[in-house]
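Paired with subunit B in one complex and with subunit C in the other, subunit A is shared by the two complexes that follow.
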Partner chain A sequence: MTFSLIPFLPELTLLAALVLILLATTVSPSRDGTVAYGVTQLALWVAVALLWLTQARYIVNPRIVEGVVLRNSSTLLMQSAALIGLSLALLYGRASLIRQKLWQPETFLLFLCSTLGVVVVIGAYHFVPLYLGLELMALPLYAMVALRKDDAMSVEAGLKYFFLGALASGFMLYGISLIYGATGSLGLAAVGSLAMSGASHGLLLLGLFFLVSGLAFKLSAVPFHMWAPDVYRGAPTVVALFISTVPKLAAVVLLLRLMSGPLSPLLVYWQGMLAFLAVLSMIVGAVAAIAQTNLKRMLAYSTIGHMGYLLLGALVGTQDGFGAAVFYILTYVLSNLVAFGVLLSMNETSDESGATLSRGSDLEDFRGLYKRSPIRAALMTLAMLSLAGVPPLLGFYGKFAVIAAALMNGFIWLSVVAILTSVIAAYYYLRVIRLMFFSSPDEERASEFPCIGVVARVVLVLNGVALLVLGLFPSALLDLTVQALAWARVL
Partner chain B sequence: MPGLEPTLLHYLLLAAALLVISLVGIIANRRNVLVLLMAVELVLLAANLNFVAFSVYYHDLSGQVMTAFVLATAATESAIGLALLILLFRRRGTIAVQTLDVLKG
Partner chain C sequence: MNGEMNNMPPVLSILIWLPIIAGILVLALRHVGHGRWSRWLANLAAWVAFIIAIFVLCRFQTGSGMMQFTERVMWIPHFSIEYALGIDGLSVLFIGMNALITLLVIAAQKSDSKSGYLSALLITSGLTYGAFSARDAVLFYVFFEAMLIPMYLAIGVFGGAQRRYATTKFFLYTLFGSLFMLLALFYLYSVSQTFSMEAWQHLPLSIYMQLILFGAFFIAFAVKTPMWPLHAWAPDAYVEAPTGAAVMLAATKIGAYGFLRLLLPIVPDAAHQLAPLMIALSLFAVIYFGIVALAQTDLKRLFAYSSVAHMGLVTLGFFLFNATAMKGAVLLMVSNGLAIAALFFVAESLKTRFGDCKLTDCGGIVKAMPWLATLLVFFAMANIGLPGTSGFVGEFLVIIGAVGHQSGYQLLVGLLAATVLIIGAAYTLWMVRRVVFGPITHPSVVALSDLGTRERLLLSVLAAVMLGFGLWPQALLGMADASVTQLLAHVALPKL
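What follows is the complex of A and B.
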């Protein structure tokens, strides 16, 4: 039997781009990031193309390569989402990166490295690539959060994220070691066969407990959410956008893969854990966001709330539930990209000492935005309505699918909590809209908007319109995810 | 003495003790960020000890292979942690835990 590298071509493309940028940084004295940016975007799109070219045949015939890496329709879908997500994030963040003097090759190196980790995690069917992928995803993030070295907030956010993140990875690893102890093998398939057998599951469940706590940290689910608001606030906005979208995809896939495949016989045990996380996340996400005066912090709590809804879909434990959760994460990523895209197009400036970076992301900066820039205001409105789950926007169908799946499987109380919290959450999303449309601009804060590229503008508008159009025809994306999961069999 | 041969359980208890020590180190320590870093690394060592113990118990090498990977990531992790610590020290002139309070709310 020969070993073929063809299924790994997308990962190898990213790796090649990484090595290329790294070598170029050492050889050339230039500190300008334009070439690195170009290489990154090219590598991302080549990787997407290769994904669809080389892996289309796994859509209906899932394959586990060497018992280690999974290739099927859901990995194809989520890996493309991760790659396209990074591409859009960098496109929207380009102007902001230049303004903050982060337009350097190293920045793109870190972004690419983290995305490679995400892609590896999404494909992992064995604990070694799973752990290594998670670390590859997380380690560059710590550095990315602290990229603005002379900003006290950025460094502090980086340190907080590092310690909590490293502890979470440690927990996860401890969990994996216990699961290894229970099964005697590092493959996910062995976990499945042990869970099926009638043997005692004590060690496995203890390991699962640690693993789920680590995953909850990555998802920023309550009570493992403390880092999120500080990190979103302190990190450069592009990095906050990245953290709130791409690594979440990996965490969700990982959670759903464990729950839908190997651990499905232990449904009752993890359902309780996830229900606990889901309820707390939904409540904290809705209530704590109301008090925020900074949009980035508010979006952090919004993310926490959204992860609660997603967990609600996951804990149902049926194919509809998993499909709803995957659909939910996709709608969330699309809406969040628009919200952060508008935020990135606002004028974020440092004060003289460079110590704090407040302007442009405070809610006050959105006061009367409609009069100053109708397009920004309109896009932000679409994003906020979609995140709030107002029909006919895409976000509504995400919430609808999740709550419907929960209701149909008899989780009445959880659905009631979900509906109540989404009503509370609508308040703070609508407050942003009220500020933009029904308040007059604050002259003191009204500075010139920065120049952003034509391509970024067009794509951002298209992204915003997509929220509406996909919302009007929700079956397009919903059917895609449901079909992908049906083909995938093992998620 | 046959009664004092270490068994699998002893190794697991030792690993669990390491985990508890590192958690106590994280919660109780209010002074030095460097100690936090040590505590975090201790969690990885606890997991490693589990891997090695189970690997010997099952006569399966993959646990020891995992240990090698974990050691490599642990080294990377401390490198990044120390780099962040240096940034903090340059910025504030101290690495006390209490000074991490610019971000709140």
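What follows is the complex of A and C.
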């Protein structure tokens, strides 16, 4: 079979947009990001369109290109989700980026580059592209966190993220090398067949241990979560939104792919490690969030908790569990987009020197929001209830699927922990609603809202309403996920 | 799609979704015409729902214990969850009661400026219809839980001074309880591959498993009922809630209904085994909450504790496993719902005049407000089971059911249950003496105006309904009869 670039068209589109922006910045002296933003959005949607045009035939006939790249229904679903996720994040964050003077071509360059990495990871079926994709995803993130170079908190977060991230990458690479040592192969399919035929389990297990540590870092699962609250708090809010959604998709796919495919003979060890991570994440995510006074930090702990639930679904190790985990991450991403979307529409003011006065993301800024902006308050309420998992919102069905999968495969105590922590977590989600609705606005903080674009407003409202509508008809998304996984054969 | 043969229009669906959609519209129209339109719309929706509910009550075939007005559509095929609706003799009464209560709380709202509140009440009402008519456990759960959201917002936005504390407590208690129910539902699904509550009734379960499931269901419904010792949210929420929300919360009896719909039929053997414990808890609640009510100085709080004490009698009736007591319990659920609604309305009327309803502050109101005083005495008496009101029949049947077997133990249970009458009479008469009669303790009492036409009409309707059912309880009992008999026959069979 002759080598064809057609299956790679989506990635190539992103790459082309990257190069275009890069060239434009060297040629044109303009520091304005409008053109770059337009190019980015266009590239994302063209890539989505190309994904569906060129890869629709792989939906029922999965294909592994040259033994390194996987093309099937689940990669199609997750890659689309990643691209659309970035598109929405940038749309919601546009006004905020302009306010923070980050409306520059470089910003979009970094976003695109990281997303390209995500797309590569999702499609990787070989350890080399997989690791390259991970680094491509992670390196721009370090810079993105520190984008506000005159804000000490942003820079500190960037540095912290970089050190820990480099360590995690090292873990990952070391794990991969151990697996290579045990099996003599880097292709996931080959590793799978060798692992199955009883290669040295000791070495594989050690490799697995390091791999899981690296993955846990990417997922911000406890005890590899330390970076998350500081990074969310310090990074520009758009970047925090991005980190909490798009790279998570890649990490989840990677986790499920390794777990269901090449390293499935080690399922028992997976389960032990993931159960440890899941329980700690659920507990820390629920308990530590209560003490937060900043919404971004609170959402960081919320993410940690959600990763715990997701791991609970994954560790079941059956098709049901994997389906539940993928469904969970999608519900989580949709809900988080709304929460951060509202956060991005709040005011962030700076003093003369440009240092941020931490406005717009303190919980106190939400006091009495209902009276000042009922739509924002309503959207935030939908997001919080969905994240808390209260029916009939979408987030409930995510938890439903995960706990159903866990319970039906005998993980009773883990399910009980999940139930108890979700009650604790409900407390802090409710606190946001309580502040918005049950208190009067704080005059001192009640500044005007920045104007956000009409398109962003409409899409944000639709996104919020989708949480409710998809909650009333959860089958739409659930069946899509389940069907995608059923057709995928290899995840 | 496996629709059932059914020529009826989807009445229950209309009943559920009409108030919910109206509630959303009410919210959307809140700025049009200074909220007059939205209030008008809310009233219209409540009336239409009421008329549909009356239609359902009229068309309901009383002789049968079968599900009627059934609807069935696949909802979430992956988990074989169905949008299955239907009502039997156990639920039809509460459909009617919910309709009446909704109509009254919406009509009681005089101000045009509280569209959000009306909207929350309407949405809660629609969800309540849903919970009473769901036949699929997940559907029931979704309605049961979703009710928390509008209630939470209604209490939190429009409630009293301690509302933040009260709402959070209310939400977390209920969520905590119902999540255990969710675990139980998952377990039942894993052994039966269905979420149909009717199918679960015939599912064989070991006694060990039944006891665990009993625990899970018990926590959920005991919180919602509320039952000692999981009641702590209730007095706070009832007192801090705006009257309409408090009425909806206290009168709809969705928690006690859960015992009838899920707990008893699905885990009957565990229910039999744990019956002595449940009876003890119920009796304790009756006496304990009665005594606590005696100590209250706040009128609304007194009524709240009185309601909770009567719920003890209701759960007692469930776990005696005889037809008399069970029917009495069902009747008591209805009559206590009506009584507590009326009492909360009266307390609200007093509060709007005094600004507070401390027993010690308002004395001698009979002189200034004869209408209010008369109705207050009537409702307070009806609440504790004045013969001639529906409360009497309910209490009487439960107590009769308790002593029915004439063993020493049964007699003791009956005797303790009967203390509800004595303690109830004590706190009611004491309250009446202090509030209605007695010297005028507050100078402003003399100047107070009596009930307006709207309040008078509203409370008279409730009084008439309570008297009507008191004199002709068969109207209610007849509807519940076949289903109660069927439930008891089912519960009597071991399903190990």
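Keep this in mind: the second predicted complex is superposed on the first by the 483 of 491 C-alpha atoms of A that agree within 3 Å, B and C clash if a C-alpha of one lies under 4 Å from a C-alpha of the other, contacts with A are read in each partner's own complex, and residues count from 1 in each chain.
By definition in this document, a contact is a pair of C-beta atoms (placed from the backbone, for glycine too) under 8 Å apart; a residue touches a chain by one contact, two chains touch by 3 or more.
In this text the structure is predicted, and so the values were computed from the model without any measurement.
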item	value
First, second, both or neither for A:Leu258, with subunit B first and subunit C second	neither
Which of subunit B and subunit C A:Leu14 touches, first, second, both or neither	neither
More subunit A residues in contact [subunit B versus subunit C]	B
A:Leu280 touches, of subunit B and subunit C: first, second, both or neither?	neither
First (subunit B), second (subunit C), both or neither touched by A:Leu467	neither
First, second, both or neither for A:Leu186, with subunit B first and subunit C second	first
Contacts of A:Ala47 with subunit B and subunit C, given as first, second, both or neither	neither
Touched partner set for A:Leu430, first subunit B, second subunit C, both or neither	second
List of subunit B residues in touch with subunit A within their complex	12, 15, 19, 22, 26, 33, 36-37, 40, 43-44, 46-48, 50-51, 53-54, 57-58, 60, 62-63, 65-66, 69-70, 73, 76-77, 80-81, 83-85, 87-88, 91-92, 100, 102-105
Parts of subunit A lying in touch with subunit B, wherever the complex brings them together	127-128, 131-132, 135, 139, 142-143, 146, 149-150, 152-153, 155-160, 162-163, 166-167, 169-171, 173-174, 176-178, 180-181, 184-186, 229-230, 233-234, 291-292, 294, 297
In the complex, subunit A residues that touch subunit C	370, 381, 385, 390-392, 396-397, 400, 403-404, 407-408, 415-416, 419, 422-423, 426-427, 430-431, 433-434, 437-439, 474-475, 478-479, 482
Residues of subunit C touching subunit A in the complex	75-79, 138, 141-142, 145-146, 148-149, 152-153, 156-157, 163-164, 167-168, 171-172, 175-176, 179-180, 182-183, 186-187, 189-190
